[in-house]
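Look for subunit A in each of the two complexes below; its partner is subunit B in the first and subunit C in the second.
Up next, the complex of A and B:
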């Protein structure tokens, strides 16, 4: 191909590219090709170069959803609706999310990859890739987000805690796509926090441990407590037992510490090239504790 | 496999071509258009050597298919220079010795260019944030950051003066 007689380029092994104009068309194409098709949004999970140039493992027909107007963020009566193909940077610029109750979300958006990648990477891609490390899964878990999914029979809703089925596996059927994410409005007095531990060597990295917390109080005691952990199990998850240890209690140092230990106890991290399981578990305690402390401080501010 | 017709405006010139679904934008720029200023380092989004400006924003051309750029306006390092005059960022990178082997330089400059377009007076912190996706094995980063600060202030002076 090159006129200079050498060829560096790689052709990724996709067989078809489809650019539906609307959701109906997209679902029709997904239905037609079944497991042979995959949605592409920003492409930042699908396209990184792999040995042999075969990135088409999950479907040789690409269905590009970037040109369907699915990039809005709007407030409606019962919550904030973020379209699946909204980019991470565009969500980060939405003013409401810099207010205290939503800080867990804005912190996660700012920790996601780099400014350059965030110009392309989308929220839908982050969720549907179903990586245990996905940064946005955690704030959305504690904010109680609902996912609105389009399929041949119309739309259905999936609470985010039911969305993750396994590592890189989400609850979507092959003929379905994620349409939008609804975040219910928070009470004005809500304290949330997101923390991510990466490796020291580079800022461009998936988390070793990431956590988000959510807390409301009445008087001196916690009313609603939510704790989510990522990168320490096959899927991002809520630590329900740890949550219940704080509910109705004063969030004093000791109670927070015990809840943080219980949250880490619920994790099942793996040893891998980036960190040992033992280190991840130890750090999970510390991150949950710090995030809870942030939440209390933000609630009381 | 069906090829797809696309249109790209690259450095002010319009191009029409038929591409395979799996062709990366990086390869189209380098191999079809001969714009080899845009480099491939890692091919997986980590190094930033392939950074270009698409519709006013910095993006990684190794993490994009050419078909995804259909209709886009693209600027590469080759398009920054006006005639014989280097762009202030190019001048500043040379002036501040922010170029050693030079492999990262086109990507650094394109990321900086997008930053300055969106924010004519960036702080050091903003520059470091904008360049966080650009790995340099030679300069230690301080000189590129200085160069961007200098270019930004020069561009403002020229505009006001």
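Up next, the complex of A and C:
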């Protein structure tokens, strides 16, 4: 473990920089410094922050977790395990994720930032930053991911829908860190989709609205339907009412439209300089509808 | 002149190596011995009177060397229009206790390091008496009880009419009237605006390093503000990371403040704005409200145009006179509209100040006028390309504003070549498509002036000195902001002198060394700078020929120069190498000892217009309202491309900036505060966002230009937004009149259309 006072050319300043060799050491440091410590993985959320911006005062002791072997992706009996510090690009290269049931995930990975940032940015950072527009939250919400968290008392699991507590606030305690994410296997034909709307003429952008959908069918009717929306509320969320409007129903044009409207109804977007709330809400309808259509098409293909 | 050797070739930029290796030093890189650091304290209020400033605690802080406030340091206004007369020159300087926008400088502190500066600033208390502020130019125009400047809120009113507007409308079969709004675009140059180092020495000399576009005029204003003689003020312009008009004069709160601090402390001082300071407190494009009424006959001949502009100047006026004048001169001269009426009003508001930005009023004006022409074409069922060919003002006509004869105009060729590349005829007939994505194509044209000869004091100078080894030093103050004009000037010198470009060194821009040049503005340096260099080089060439004639025993007129060798035209074997001749002149012949020097100083004979046609292809998503520009074809008549690579660079860059103006950019101001003053929220196009842009160079050979050249820099962005608006209309059937054009706007118009 190295500890040195670091002064970076970027506006961020911090007191200690720690490189624990394993999870135990990391948790010990987190426990020691409590609210004065912060995990850093790729740093692509932490470093661009300016003093006065959110979380800036937090980083008095940075705990770097990228050298602890937390970058694996492996299939086990009950699902796929992705380590928290796996980079976006490495996950994108995992062959299973290019199969139909996981397309929502690979689509989200492909829309995340730029190739160079994706070489550093991690899945754990994307989730723990708890931004309402984090792209990876949405496929993980519809895929029913579980988060495995390490703390002083050992590991615990949190279903992803319980992970988000508020904007930039997740369910981790100050002495905990995210260890890995488990995505349960999907049945082969599952149709999923991820869509994102940014600002016009802008290839790479944080979302104005992003959505993911998941759908399985039996005969002509939907069995399991999951719809998640991002950037249109304090946290990414599942639109349960909209889901239930499709469950057991034929996913025809009208039903999909009504479900999409119900999903947007559950949102509570803000007005900001990038778009008005009204526009975001309108777009939520369109994106959910298109994502559901994609899911049905993919299921039936 | 016989076949050109250097001019017209894509010569590599002479500053390339310095830039890519990082050796190039920009103003903020300059560090002098004993240098102090300075920072401004800026107003948190949009409009307030500073009633008291308490700097005692700050001044007592160890390490603090100087404090200067607006109570003593004058602000510099109304650039260069008031250079001309001594009386008006006084009006350039304003010393008062009023702050007029959020971010307006109040004072500055210089101290031994940045931490001490910050500490000192926190110890200063400024007491403000808040004044009611005006954000809306239309309100400011009427308001009399709140005065932003002592003379009121109207900075200027201009009025001009040629022909008979009423008669023009009487003759029209179709008359349309629309109101357009344009945004507060920012330069967002790679190097933030606002960096300088000032060094006032005990012998009363001031040296200022500043990335200004106008080194000599900056010296002029600085000397005035500090009440110093011109010869004691030296402005050095180091490498500059882009300017786009943002450095067209002194920067508000920068050079004067920094020099003042240096004079107080008798030490060098560096003052550098952050990106955020650049965004909130340096100049931007004038937002305009343009009301335009246009009439045409059913054959598509435009008979009348009635223009009313309200330009939002912001808290201080710098370039508004020129910007308003440019709206008239470009709008009025592009088409041969016989009856034209123009009202321009510039109004102060309590927003950050507006000034020069690539296009200088023309992008706003062009957006309105080129939209109008398209609307008329559509109403009459005339092809938008044909209506332009019917109405444009050709070579040989008089420019009604400048009262100069148009000596070159390559617009028809721009339209023809652009249409072929863009496949205009086929695409214009294509149906927009049945999916939610509608495709369309639109075009627009533009005229922009090269330089400002006749309209402004617009001098250019150059000195060529030929060395004993046949190499050349070219002295010029033609400030290169990154566009590459130093390279182009070296090409011109090389061509005239017959000396290899590798042997030509172009000086840095330094008012103590380089002769008078008004600076880099108005797309002028290839033209005006080129003319000056060409004249200086011609003088040097003639002197060389004079000496060679003696040495070779032939008449001067019978000699030619090629690749460093002077030879007899009819007998090339009879020749002498330039470096041999020069060594002989300077060193060998002790009775002579003369260096060949050629010089020129003066003004260009004209202000030729350069022209362009842009074809924009777009996709409009009718569900989300998103527009995506998929291709721009930009054909520009530049007279002659002295360096085609650099011309294409300008066209491509202008295209990118124009798409930003059309679709993504613009400062958002709420209650006087700029909400998107950083590069995350201010949406510039990045490389990956820029669509295919096909530059097409058209060469009409301007007789007054050096080797036929005119300008390109500003024009390349001028008519991008109008072409895109016209393409959006073609694709979706909705006409957008406000910039930037947002998806929400488009959706709203689409809804109105179906309702």
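Convention: the second predicted complex is superposed on the first by the 282 of 301 C-alpha atoms of A that agree within 3 Å, B and C clash if a C-alpha of one lies under 4 Å from a C-alpha of the other, contacts with A are read in each partner's own complex, and residues count from 1 in each chain.
Heads up, the rule we're going with is that contacts are C-beta pairs under 8 Å (C-beta built on N, C-alpha and C of every residue); 3 or more make two chains touch, one makes a residue touch a chain.
Computed from a prediction, not measured in an experiment: that's the story for all the values here.
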| item | value |
| --- | --- |
| Touching partner for A:62 - first (subunit B), second (subunit C), both, neither | first |
| Partner chain(s) touched by A:234 [first = subunit B, second = subunit C, both, neither] | neither |
| Subunit B versus subunit C as contact partner of A:286, first or second or both or neither | second |
| Contacts of A:79 with subunit B and subunit C, given as first, second, both or neither | neither |
| Touched partner set for A:204, first subunit B, second subunit C, both or neither | both |
| Contacts of A:17 with subunit B and subunit C, given as first, second, both or neither | first |
| Dominant toucher of subunit A (residue count), subunit B or subunit C | B |
| Partner chain in contact with A:276 - subunit B first, subunit C second, else both or neither | second |
| Interface residues of subunit A shared between complexes with subunit B and subunit C | 48, 114, 202-204 |
| Residue numbers on subunit B that touch subunit A, as the complex places them | 1-2, 4, 20-24, 26-27, 30-32, 34, 40, 42-46, 48, 51, 57-60, 62-65, 67-68, 70, 111, 129-130, 132-133 |
| Residues of subunit A defined as touching subunit C within the complex | 48, 114, 197, 199-204, 273-276, 279, 282-283, 286 |
| Subunit A - residues contacting subunit B, complex | 1-3, 7-17, 19, 40, 42-44, 47-49, 53, 55-56, 62, 64, 66, 113-117, 119-120, 202-204 |
| Sites on subunit C touched by subunit A in the complex | 623-624, 626-629, 659, 663-664, 668, 675-676, 680-681, 683, 685-686, 688-689, 742-744, 747 |
